[in-house]
Every structure is written in C-alpha cells, then in structure tokens.
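In structure tokens below, several structures.
What follows is a pair of complexes built around chain A, which joins chain B in one and chain C in the other.
This part shows the complex of A and B:
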C-alpha cells in the first residue's frame, strides 16, 4: 500500500426524487486498499458506488482516481471495474467470452486475450469452466466469473456491489475470503458495498459506515467495532446494549436507582453502550445484581438476556456456562453517548 | 394429488372440437378441393364453380395448380407478395427496433409520444387506415400538396402502387412489432447493459453483442408475425394497391368472387399458406430456442 490516494471523493452529493441520497460525502481510499461502504438499505452506499463507476452523475463534487478527475467520464472511459450484485454475466456468452469481452473492446490480439483470460480465470479458480455458460455454473462460480471479468481489465479501482448477497451463508464466507485473497494478490484498490457488518469487519482494511447519505465513521474494523464514533455506528455494527444512566461522581444511576461503577464515563445524562462480550456474568453478590431472563444457546456461545436496573441487556457467555436465576454482572468496557446520540466517549 | 387424465381431456375437448370442426375440417376440405375433389363437403361449391379441374383418372389431380402457376398474372402477384412481405417486414422490424430502443433508453415526453403514436394503428380499423393513406398518397393528396408547395413538382404519387402497399403494411404492423420488441428489450436487465459499458463497449457494440443477441427471440417472433400478417393481408392492398400485380389477397378475392373460380382461388390460398408455413418455421425455432435457454437458466 502507498500513501497516494487510489480513489478520492470530494463533496459528492446526489438527490433523487427530491431526497438527498448522498450528502456532501468525502472519502479517500489508499492505493491497494480494500474499503467497505457499510450501511442499511437506502443509506446511499450503492448510489455512491454507481457514481464512482460512472453510472450516475453526482449533482455536486468530484471523483478522482489516482489524482485524475474522472467525474465527467462515462463508465466506458473510467478506469474502474464493477462486479454487480447479480453478477450481470451475459447469459448468451461462455465464461471465456464474458471475461474476454472487455479485452476485445480494447482491440487486443487473440493470443493476448487468451493469455489474459486464462490468467484471470486461474486467479479465481475457474479454469475448468471456460466453455460453460453462466446458467450452467453455480452462484459462487458465477460470482468468481464476474470478478475475473472485472480484474482482467486491470482497473485502477474495483467496485463490488453487494457481491455476496445472492449466496448461501457458507458459500458467502468462502467466497468472501477468496475475494480478499484475490484482492491482496492483485493489489487493486477496491470499494466493497455491503449491508452485512460481519462481512465488512472480516474483509475490509477500513470501513466507512454510512447513514442517510453521510459517512458516520471511517476507520479500521477494530476501532469501528470497539470505539464507535456515533450511536448509529454502535447500534449498526455488531450487537450492542444501551443503558440509560444518570452519571454523577457517585457512579451511574440506572432507571431503577441501582448505582453501578463504570470507569471513564462522563457525568450527566448518558447512554452507556456495552458490547455483549463485555458483559461478564459472575456469582450473585460479586457484581451488579442481575436476573437471567432468557438463555439462548447459539452453538459455540450462549446469548443470555439479563435484567439489570430495570433494563434488559445481552451477555455472550461460553457455551459451557449454565446461568440461571439471580446472578451478577461486571461491565468490562463501555462507551457512553449523549442521549441525543451522536458523540461517543470511550 | 394426481388428477385423473380424463378430467384434463374433458377440459381441453371443447376448444379442440371447435378448432377441428371450424378450422381443421374446412382446411382439409379446401385442400382436397384444390386437388380436384368435388364430392362430399365440396359438392355444393363444385356445382357452382367455373373452370374447375377434376381428375380424369384416379382420385386427385394437380391440374388446378398447373393452371394457376402457368398464369403470368399469378406469378407476378406471387413475386410482388414475397417482395412486399420481405421489404415491409425488414422495414417494420428496423423501425420497431428504433422506437423500442429509444423508448427503453430515453425516459421523456418525446419517448412516450413516439411509443404512443407507434401503437395508434392498432386501434384504427384497417379499412379506415387504408383510405386515410390513400388520401394522403393520392395525386391530389397531402404528400404531393406539400411537395408542390415546397417546389417539388415531381413528388411521387404512392396511391395504387406496391410502394404504397409496403408503407401501409409497415404502418399497420408497427404496433405489434414495437410491443413485442419493447417487451423483449424490457426483459434485458439493465445491469447486463451496464456491465458492457463497464467493460468499455460503446453503443454499437453494446447493441450488437449484448442487446441484440438477448432479444433475438422476440425479434424473430415480431418479424414472423408481421410477415404472416402481410402475406395474408387483404384490405390494405385492396384499397391502396394497384389493380394488377398486387399482392395475392385481392387477386384471390377477384378469382373467387368476380371470376367464380373458387378452386383456383383456393390454390392461391394454399400457396400463401405454404409461404406462411415457411415464415412460421422461424417462429417455431425461436420458441424452441427460448424454451431451451430457460431450461439451461433454470
């Protein structure tokens, strides 16, 4: 990775049907970096991707690839490659023809085309399906064929629009890892759009969490998860407990008056955000009194719902634990927000 | 639960009986009549018709076919029918493609107006349309009037010409063609077109390599429907076409009614049927291809 921006968005704005879909968005992606645009449906992530690819024009702002302004260029002339959500493989062409199409457009010789196509399909592990049509291969293979079709053109920026959403859970994890591996090997600057926070955490160098057309936080996966900048990020990425508290020098008073001690929390009316894995269940009397409401075994861990100070919260415990009845909890770590929700304090 | 096959057979029986009785039987009877069978169902028409050919020996004869094909007027009309059909089909397909493409990729008032106007002929009875065009193309019609006003003295008169029939056929077949091709185009996902743009393809290559191959089936179906419609058309060529060397519809009518030669008229009908059969091979092939493609994609 170098410090030169592979992609740079400045003040990008897009209004559709009178609604601001993308609102004055700035984003820098380092060359060779894979970033995720993460957010709920309608947050503007796909619109942003389509504007980077040239399929939509921004109302305002500029898009630069390697310091070259490409805002006015049509998709045909942009140094970007897009992998579409439904793969968009041409059904009347074989895998070879699909991958070769862009090279033919560029007027390469047959020998060059063959060599490049073979290299690309080998990279994605599809060499044995060169003569197959898209309808004859599986969803995962179609996804890889679409990836090969894009990377064979050696774009400066690779754009992936929820490429795993049509795959089943197991295949999604496998293909996700494959995409990451291929991206590392090819070193292409990549923007990956997803609404799946686990996917983003697993694959990205950095995550831009989007909400209502704006980026709420842009950081590496760990800080996004551990130090959410806003309440939206805290709520959207992973599971989070929120406890209303009145914080004084004596401690944090919960709704029912129970006072607990959470270090580093600012005074005043606050919302405490605590990850379920930071809620430790201990023997009754050894922490904040709590009562087990539900215990859901989820394979390798248990999701235990406990009632603390008149509010319910989740605790993830090892699958071997069997908590029941009256227990106590200890908060390992918390982030606090103002009740209106935006600024975090870790 | 598996239903007994008899229920299905009973359900399909009424339409099959109606078709067999009112389409199949008359068709077979007419074909036999062209081969000289004047008995049974053909006995009434056989007793009225003039210049009828019946077999001197055996059961059937091809004499009526020999007579019709020996007639220069018929041969000229046959050639005219084929030429008008081919030219009009090609023109209407190109025009339909243009309108459908514009409608697909431009969403604006002009696009809606163009699509709307192209559909209008569907709601105008053929005879009304034919007379309107006759008026438009006549020596004192609007085309020549405008031509003369603009100083074009030799503006053509297209009424009572095969060119007029061709243009009329394009007009009357445009709605169905536009609807079929638009529907086919609508079935091409935008992402497939976007993907070709992303790969760097310009408009021509996008059309040639992506859009056209994905809409081959509706295009063939539209062209087949147009061709069959033009082959069997009567009103338009009757009103708008020339007296002689017209397409076969009016000649068939003259032969049947004016000349009282139903056997020869039916020979011509069989020939038109044969031509339509050739056109329908493309239709059957397109449907087969479509079915195979959906099977592969399933």
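This part shows the complex of A and C:
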C-alpha cells in the first residue's frame, strides 16, 4: 500500500441558498480504507460526497486524491466512482452494457471490455444477469450492478451515497457485508455516506460523525461508540441515557437529591451519558435505588426502563431476567458533558 | 356485475369501431364506386377511374409530392429547433422559462386562423407569401407545441443521477446526451414526431393562405376538389391522406403496444 493518503479534503466550504451546508471541513482517508460519513439528513454528508465526485463545486477548499489536486476537474475527469442512492442504472441497457459503458468511453478493445466486465460482474455475483435489463432484476441486484459499474473502472476513490437505503432490512445487512467484503478484496479507498449509525459501526474502518456541516468526531467505530467526543455524537450513535447532575467532591447529586458515586466525573453542572448496557440492574439495596417503570422484551435482550433520581433511564438486560418493583442500579461507566453539549470527559 | 360490465364493454367497442372504422370503410368503398345511389348498401358498379383522374392530373400529383416534402421537412426542422428547447425547459431554470412554456401553449389555445392572418400580413412585407419557405414556416407553427411540451416532459422524467452516473463513468456532455438522455426520452420524442408530422401533413388553413396559388399541398387541394369534382375524387384523396397515419402507426405499433411509449408517459 502506498503512503500517499487516498483522499484528503482541506477547508471545504459550501453554501447553498444562503445556508452553510458544509463548513470548513477537513478529512483524510488512508489508501485502502473504508470510512463512513454519518449524520442526520441535512448535515452535509451527501453534499460533501457530491463535491468529492465533482458534481458540485466547493466555494472554498481543496480536494486531493493520492496527493493530486482534483478540485477543478469535472466528474468525467476525476479518478472517483460513485454509486448513487437510486442506483442510476441506465434502463435501456443490459447489465453488461451498463458495466461496459465506461470502458467503451475509454476506448478499450472488445475483448478487454468483455474480460473486465465479466470479472467485475462475477465479483458482485451477478454473472447470471449479464443480459438482463435493470427493470428485470431485484433491488439488491440493481445495487450490485451499480457497484460493478463503478469498480470496473478501478477508481482511486469509491463513493457510496446511502447505497442500502432502498433495500429491506434483511437484505440491507447482507449487501452491507458484501460491500465490505468486495471493498476489502479490491482495496479501493471508499467513502460511504449513511444516516444509519448501525450500518456505519458495522462497515467502517473509521466514522466521521457530521452535524451542521462539520465533523464532530472522526475515529474508529469503538471509540465513537465508547468515547463520544461531543454530546451530539453520544446522542446520535447508539442509544444513550442522559442524567443531569450537580457534581461536587461528595459525589453526583441527581435531580431529586440522590447522591451517587461515579468515578472520574468533573465537578460542576454536568450531564452524565450512560449506555443502556452499562446500567446494571441489581438487588434492592445493592446500588442506587431504582424502580422498574417498563419492561420491554426485545428478543435478544430486554429494554428495561427504570426511574433513578427522578429521571428515567434505559437498561439493556439479558432476556432471561425478570426485573420488577424496587431494584437498584450500578453504572459500569459514564461519559460526562457540559450542559451546553460541548467537550466530553471520559 | 361482470356480465353487465362485459356487455357494456363490448357495446362500447362496437360503437367505437362503428364511428372510427365506419367512415373510413365508407371512404374506401366510395373511392372505387362507379354508380352508387341510396338506399343501396354497396355501389352497383365499381371503377378505378377516380384514381386515374387523380394520378393523371399533374396538379394532384404535384400536391402529393409537395405534401410528402413539406411534412417530413417541417418535422425535421421542428425537431432541430424544439428538442434542444425542450431539454432546456426540462433541465435548466432560466429567466422567462415559465413565460415561454405557457406562451408556446397559449398560441394553440386560440383559433389559429387569427394567428395566420397576422402572420400573412407579416409575410407580405417579408415577401414570403406564395413561397415554399412560407409554407414551411406556417406548418411549423402547429408542430411546436407538440415538439416542445411532450419531449420536455420526457426529459424531465429522466433522473439527473443517470446523467451524472454517465459523466462519472467518463462520458462528456455530448456523449451523455446521445447515449443516455436521448434513448431514455425516445418514447416521448417518437410520440411528438408522429403528432408533429401529422399536424404538418394535415395543415390546410395556413398553408392555403400562404401557399396559394403555387404551393398546394394535399389538404389544400382537398378544399378545391370538393367544389369541382365528384365526391369520389375526394374519397381517393382522403384515402391517400390517411396513408401516412396508418404507416406511422404500423411502424411504431410494436413500440406502442410493447409499452415503450406508454411507459414513457407512465400510463401502464
């Protein structure tokens, strides 16, 4: 693997309709790495992707692929390949013709085209549909045809714009894993845009969590989940409990005055962020007093809502347990934030 | 319920057949009729003399040649002018877009003869009266609304992302248009071409006003025939006039019934 970064964005800014969609964004992607741009709709992730692909020009900043500045290049001249959310296959062409189109544009010989198309189509497992038109194959197959169409051109950077959002839940997981496998095998630097945090956690080497045109945290899935850098990230990725607390040297005073001990929390008015799986239910008297409010069995686990210190918390417990009435909780770990949402402390 | 529905449907089909095919059939018979008096269902004698009349008279033949020259030419010019406009209407937001779109439609919302009179006075000063170019321009007027509105809708129905995907694959703007956009809009464009051709082919009012006396097309010849010849000659002409419609429909039948055109309009 080369040392040159696969992709780097510097100071990218885009204003649309008077609103700053992307705000002075920096992003580095290592060669061969798969990163996710994760965020709610309108956070600027798709706009960022379209700027990398050349479909939109940034108002400021530069985009470099393998240390080569591509900011001024039009989409057809960029070493990027895009898979669109609606697949954007050409309905009047067969799968073969769709995949072959870019190779024809590059003026390859018929034999070369056939060989490359067959390799790419085999990679995505669509060999039996070479002669089918997009309208005759399923959504998942269309998705893979679109993927084959992009990777056959061997782009330096592969761009995926919410490629799984039109698939049903089961298929989404399968195609997600397939994409990951194909990306690993081909070693293409990949930027994957999604609003689905589970998808991002499952597929990415690193996740860039975006909010209001900025990256709030850029890290591997585990740290993003375990050590969210901002309250936004803590809230957006996974399920999170937030507890208001007044922290003094005596401990954390909750809303109703209950004082609990949570190690490593900074003093002052703080918000404690605790994952539901870090809330352990124990016998009454063995921890912070709590009362079971709701108990929802979800198959693999139970989502138990408990009232602690005047606030409700979610606790994920094994589905075999049957908590009820007066219990107690123990917090395994917590992250604390200032009430305005900035700066985390683990 | 289903029997009533079936009966109603059959009746409706028969009624449609009677009103559409009936007159055509009558025309077809009339074109070969020698002596035909009411209340006879069929002529008592048959003849080819009316066809002979038409084909031996150079004026008639000239009009046939002229019609089959102007209508394709007008359709072609209309495509060259209107298809780029249609693409612009569908893809770009420019000042006056709405104004022009409605304007093109509005010229067809009023009786066209007023427009022709206005055009005629303009044509006099430009020396376009009784000229081939004048006939072409006047026939063009009736095709513009078809050749703009229908392809514009067809272009607008094409997602931008399919064009973007082609650029992403390395194709320049022209190649994207001819390899992706145009084929995808083809069903709508075919419909527009058929309607435009027939509109140009059937145009009589303006052509009569502008082309008379030297440029006489088949429909304008019809007007003159009706007064001066037996009605059988008009019947022969009517049959000749309907040939392009039949041929065009047969040509695109597969595409229409195959769903490509209907799909283009999302009628399926």
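Note that the second predicted complex is superposed on the first by the 343 of 346 C-alpha atoms of A that agree within 3 Å, B and C clash if a C-alpha of one lies under 4 Å from a C-alpha of the other, contacts with A are read in each partner's own complex, and residues count from 1 in each chain.
The rule is short, and it goes like this: a residue touches a chain if its C-beta (ideal position, glycine included) is under 8 Å from a C-beta of that chain, and two chains touch if they have at least 3 such contacts.
Here the structure is a predicted model, which is why all the values come from computation and not from measurement.
Asker: Quick check on the chain A-based superposition: chain B and chain C, clash or fit?
Answerer: They clash.
Asker: Answer with first, second, both or neither: which of chain B and chain C does A:80 touch in the superposed model?
Answerer: Touch partners of A:80: chain B and chain C.
Asker: State whether A:153 touches chain B only (first), chain C only (second), both chains, or neither.
Answerer: After superposing on A, A:153 lies in contact with both chain B and chain C.
Asker: Now for A:44: first (chain B), second (chain C), both, or neither, which partner does it touch?
Answerer: In the superposed model, A:44 contacts neither chain B nor chain C.
Asker: Looking at A:228 after the superposition, I want to know if it touches chain B, chain C, both of them or none. Which is it: first, second, both, neither?
Answerer: Neither partner.
Asker: Does the superposition put A:102 against chain B (first), chain C (second), both, or neither?
Answerer: After superposing on A, A:102 lies in contact with both chain B and chain C.
Asker: Can A:133 be said to touch chain B (first), chain C (second), both, or neither?
Answerer: It touches chain B, and chain C stays clear.
Asker: What is the contact status of A:309 with respect to chain B (first) and chain C (second): first, second, both, or neither?
Answerer: neither
Asker: Which residues would you name on chain A as touching chain B in one complex and chain C in the other?
Answerer: Residues 53, 55, 74-76, 80-82, 84-86, 88-92, 101-102, 105-106, 149-150, 153 of chain A touch both chain B and chain C.
Asker: Which residues of chain B touch chain A once you look at their complex with the stated criterion?
Answerer: Against chain A, the touching part of chain B is residues 189, 191-192, 194-202, 205, 209-210, 213-214, 293, 296-298.
Asker: Would you tell me which residues of chain A are touching chain B in their complex?
Answerer: Going by the criterion above, the answer is residues 53-55, 74-77, 80-82, 84-86, 88-92, 101-102, 105-106, 133, 135-136, 149-150, 153.
Asker: Taking the touch rule as given, give the residues of chain C at its contact with chain A in the complex, in rising order.
Answerer: Interface residues on chain C, with respect to chain A: 159, 161-162, 164-172, 175, 179-180, 183-184, 186.
Asker: Please output the residues of chain A touching chain C within their complex, sorted ascending.
Answerer: 53, 55, 74-76, 78, 80-82, 84-86, 88-92, 101-102, 105-106, 146, 149-150, 153
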